[in-house]
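Structures given as structure tokens follow.
What follows is a pair of complexes built around chain A, which joins chain B in one and chain C in the other.
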Partner chain A sequence: MRAPARAEGAIGWLGPTAAAARLGARRAGAQPGGLAFAAVFYLMVTSVLAGLWATAADAAGGDIVGYSAVALVWYIAASESAVLALPQRLIEDVGIDIDDGIEAELLRPTPLIVVRLAAEVGGMLPRLGACVAVGVVLARIIGGPAPDPAALAIAFPSLLLAVTVNLAAQYAFAGAAFWLRDVRSAWFLYQKLVFVLGGMLLPLEVLPRWLELTAKALPFSAMAYAPARLASGHLEPELLVIQSGWLAAAIVGTAAVYRAGERHQIRTGA
Partner chain B sequence: MTIDRHEPTPAIVAEGLRRTFHRGRGADRQVVEAVVGIDLVVGRGERVAFIGPNGAGKSTSIKMLTGILHPTAGSAAVLGHVPWTDRRRLTRRIGTLFGQRSQLWSELAPRSSFEMLAAIFGIGRRRLGDRIEELVELLDLGELIDQPVRTQSLGQRMRCELAATMLHEPDLLFLDEPTIGLDLLAKQRFREVLVRLNDELGVTVFLTSHDVADVEHVADRAVVVNHGRIIADAPVDDLRRSVLAVKRVRVGIEHGHAADPVLDLGLPGVLAEPISPSLVRFEVDTNQTPIRRVLDTVLAAVPVADLSVVDPPLEHVIADIYEQPR
Partner chain C sequence: MTVSRDARANGRDAVDRGDDEPPPSAAEAGSDRPEPPDPAPVPVWRVLAATSTSAWREALANRAGFWSQIAIMIVNDVVWVVFWFLFFDRVGAVRGWDLDRLVVLFAVLTTSAGIVLGLLNNARRTGQLAATGALDAALALPVSPLAYLLVRRVEPVNVGDLFFGLGLFVALGDPTPTRVAVFAYGVACAVLILTGFLVLVGSLSFWAGRSDAGDLGFHALLLFSNYPVDIFGGATRVFLYAVIPAGFVSSAPARLVDDFDVRLALGTGAVAVAVAAAGATAFTVGLRRYTSGATWTRA
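Moving on, here comes the complex of A and B:
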């Protein structure tokens, strides 16, 4: 007997979304070596950067653009967690998948982007968990207690939002492969935008005023700056609202890119 | 389930299906006619091999029939659905396997991927358990179902891929070059499984291949395509009696012995061609002389170091079809 047709549309996608997320998490868990590597890489990068900023703050009299040495350590611990929880060459990998052929995924009742994003979110959770666990301990050792425990508490959901916005945006970038075929170099450019305009390497307040305002108006700031700003002791819950807005925009935009991309592929066969 | 070959809605109906591609830009822009005009009707429960050499238009046709490529002209209905306008609904009724592109997650056991596919196709937990048991038995998966895919051989993985394709109980299977890259034993096993799926579940099988043996062992009808056109459409038994009856035998003769005694075996339908002083190739028309008789005669005539029997390449089969009177 055939399986009954399920409800189409967003409601009907809930089951596949949950299943894909579970499978993504299980896949990440099945690669403990990958998790350990991510944690060690995070530890190395964060120790160096946090140490660097703490030294700079001490040299500047204990404060850089309103961030104390301790705040800067927590800032870097959070911003690095947000970015390193995702595979570094995701855009390249997804672009290659699209270029190689995604016929099997097109031949399913649920859109491929729904299943893929859900699986990536599921797979990201163990990595984010590992980075956060290492980050909290490291920041405590290098910097000391978090400047504001209440702000730190809301930094955790903010981290989740940050990684999800980043994920959806990377998929949207990678979707260019439907037209360009080769997006291998795009990940490099994208990463640099997140590093600088997203505030991964430095608080956005360090930038010239016009660039700071520009960066804060762009989605990249929702990917690293927002959780880092919170973790560094700035109790600004409105950042979560801004991130949620960017998440909605990123999901709608990504869905539109893949809908158009699939249509293009079916029309042209390219 | 019994096979009803007279079901009112055929599995596939295609009329004048055509697809052109544009390649290059500016002055170098070319129009490539991948499929020139395919007319085809496939009944429910048939096993059809859609064969042709590389670039013949097989994959383009299968993409149009599954709805992931819009035709330039023509019409098609697959299980009553127009594939390219009704793709999502059609996906619930067809299973597809594109070469070795995997739909299983390599780090996990197939059972895990099946859970996700079950959620996608709306298969409940209890039904999934039963379905997995059925497929494990039918496709002889045994413990493979719980072994990470990356630890499996290609042949094992392809059987798991087929199980994934069958999970939602499709009426029609589209298989695009499923045996490519498999070793001989794995190919044989995969073909047996396809026949069993068709016999026991009545699933219509539409298979593309450029391996003549796939046609002989799986299909009951062969549609031969070349340069985007159907050049032959016949029951495999008819083809077997004509072009598929030809086999090639390569005989390596032990060092120090001459090939002369086997260059004229005196058997009807057997042509010998010396490749080197110690290697001879025979073209054997098995309608006139059985392979066994050729081998016995050769083994009696010279000391044999090496021997193999192979199908002629598909290009030769197609050339023979071209040469046959219509």
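Moving on, here comes the complex of A and C:
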């Protein structure tokens, strides 16, 4: 039996990839209850954290590591959007899929990871839209107008890059399930890396200097800190370039993990 | 309350056979042996203890997995403590809360959440079990279905919270005998409130069917309990004491440990009893509307 042809290359993958993205978006859009849940949960988390940082800024004389209370509110609104737009247990779900047998998907002519990522990005868009809509209104009410509208405008594409980098990295992380018996709990640890080193809970400038520099050099900062930094009024377009670099690295790395995983699957049949 | 041995044996045999027919009596089976005398009834607490032991054994069946999940939760909790350390290091005290008091709050919360989500894990799954008609097994037993359900499942990852919370209080909570006693009281109140609230919102599924309301209530309670209630404004603070009792789960016990106040202690205890009673009542009333899913699960 011949192996499925993959010679069509990237052009040939466009159709199935776009279809997978459309299907993912349609699925998410067809579950208004799920979207409402995501929006309400986002509202709760963001209002708590934004309230905490705004209170802290007031207690500290109106400014913490260069962020005003208003800037901190917008920071948290953006960082939470970037993280909560994604399914929290994606690594666990993908790990279960790999454990339970992903062979049928491997037979498709388009690489598994391309189709899967496209479907996830499509499914994430409605959730991201819901979170951003709630976040903008909430930040406006709690904090006030955005500190810098130009920086806020750049924060939107940055958010899209952030969630896509995060998705690709989670798939790479979950790819360990090709070799390890159980990676289901790994999402818990991955999530904490994004929370602290990614800057979801706090601006990275709050960290001690050495840890701040380390965190900024890691991919997690592209997943929450970058859009949050922009939304908080820091016009630093170079963050988009850094995010794009991490996105390319994450996609290449994830593709390599899944190619190796597929080979392992074919060799061992396990 | 007690349970007869016959009732226990009948229930177990029925489960073993996978049906709900009562077993034939000795006479029906054609045996010449006389019926044994009615044995002494078994106290309910022994039935629940046996159920709990069995749940522990299931959790420990995969010993490596059990400990690795506990370790993961402890790492997770350490990250939160690190966050608070960084926060207070930069900000200093906020509205009367500093790192020392926050450590006590976090110890109360993780210990009580560890007990409820780790040892009484079905409290979180009440809504799912009710909506999917998966309570049949619990209803066939001669003990309170809610009590049985609560002790029926142990979740290792949340047991990690329990270990962490106790360890945190011992290591950083300045555990004098008085503070230990108040900490234990605060944890007991928090356990009652968490369990009662989770059962209460889960029991809404008896009326509303499967919905995200229970999950949302669970997340909201735990989320708000993670933070000192005093950081919030007036209306939110009232909401967190009166609607989602998050203030009584962690902030009030932490305040009691640091600065004991009889009125606050009595108030917290009263709220704990009221929320637990509300949860038990909602479950009992809701059971009248329960529809079997025609699946025999072990809940």
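Here are a few things to note about the model shown:
Criterion: the second predicted complex is superposed on the first by the 263 of 270 C-alpha atoms of A that agree within 3 Å, B and C clash if a C-alpha of one lies under 4 Å from a C-alpha of the other, contacts with A are read in each partner's own complex, and residues count from 1 in each chain.
Methods note: a contact is a pair of C-beta atoms (placed from the backbone, for glycine too) under 8 Å apart; a residue touches a chain by one contact, two chains touch by 3 or more.
Quick caveat: nothing in here was measured; it's all calculated off a predicted structure.
When the two complexes are overlaid on chain A, chain B and chain C sit side by side with no clash. By the touch criterion defined above, A:235 lies against neither chain B nor chain C after alignment on the C-alpha atoms of chain A. Contact with chain B, but none with chain C, is seen for A:107 once the two complexes are overlaid on the shared chain. In the superposed model, B is the one of chain B and chain C that contacts more residues of chain A. Once chain A of one complex is fitted onto chain A of the other, the partner contacts of A:27 are limited to chain B, with no touch recorded for chain C. When both complexes are overlaid on chain A, the residue A:15 reaches chain B alone and has no touch with chain C.
Once the two complexes are overlaid on the shared chain, A:115 sits against chain B while remaining clear of chain C.
Once chain A of one complex is fitted onto chain A of the other, the partner contacts of A:195 are limited to chain C, with no touch recorded for chain B. By the touch criterion defined above, A:41 lies against chain C but remains apart from chain B after alignment on the C-alpha atoms of chain A. After overlaying the two complexes on the shared chain, residue contacts for A:96 are found with neither chain B nor chain C. With both structures placed on the common chain, the touch criterion links A:65 to chain C but leaves chain B unconnected. Superposition on the common chain A brings chain B within a closest Cα-Cα distance of 13 Å of chain C.
Contacts from chain A toward chain C in the complex involve residues 33-34, 36-37, 40-41, 44-45, 48, 51-52, 55-56, 59-60, 64-65, 182, 185, 188-189, 192, 195-196, 201-202, 206-207.
If you check the complex, the residues on chain B that touch chain A are 19, 21, 60, 63, 66-70, 84, 87-89, 91-94, 96-98, 101-103, 105, 107-108, 112-113, 115-124, 127, 148, 168-169.
Chain A contributes residues 1-6, 8, 12, 15-16, 18-20, 22-23, 26-27, 30-31, 100-101, 103-110, 115, 265-269 to its touches with chain B in the complex.
Chain C contributes residues 65, 68-69, 72-73, 75-76, 79, 82-83, 86-87, 90-95, 157, 211-212, 215-216, 219-220, 223-224, 227, 231-233, 236 to its touches with chain A in the complex.
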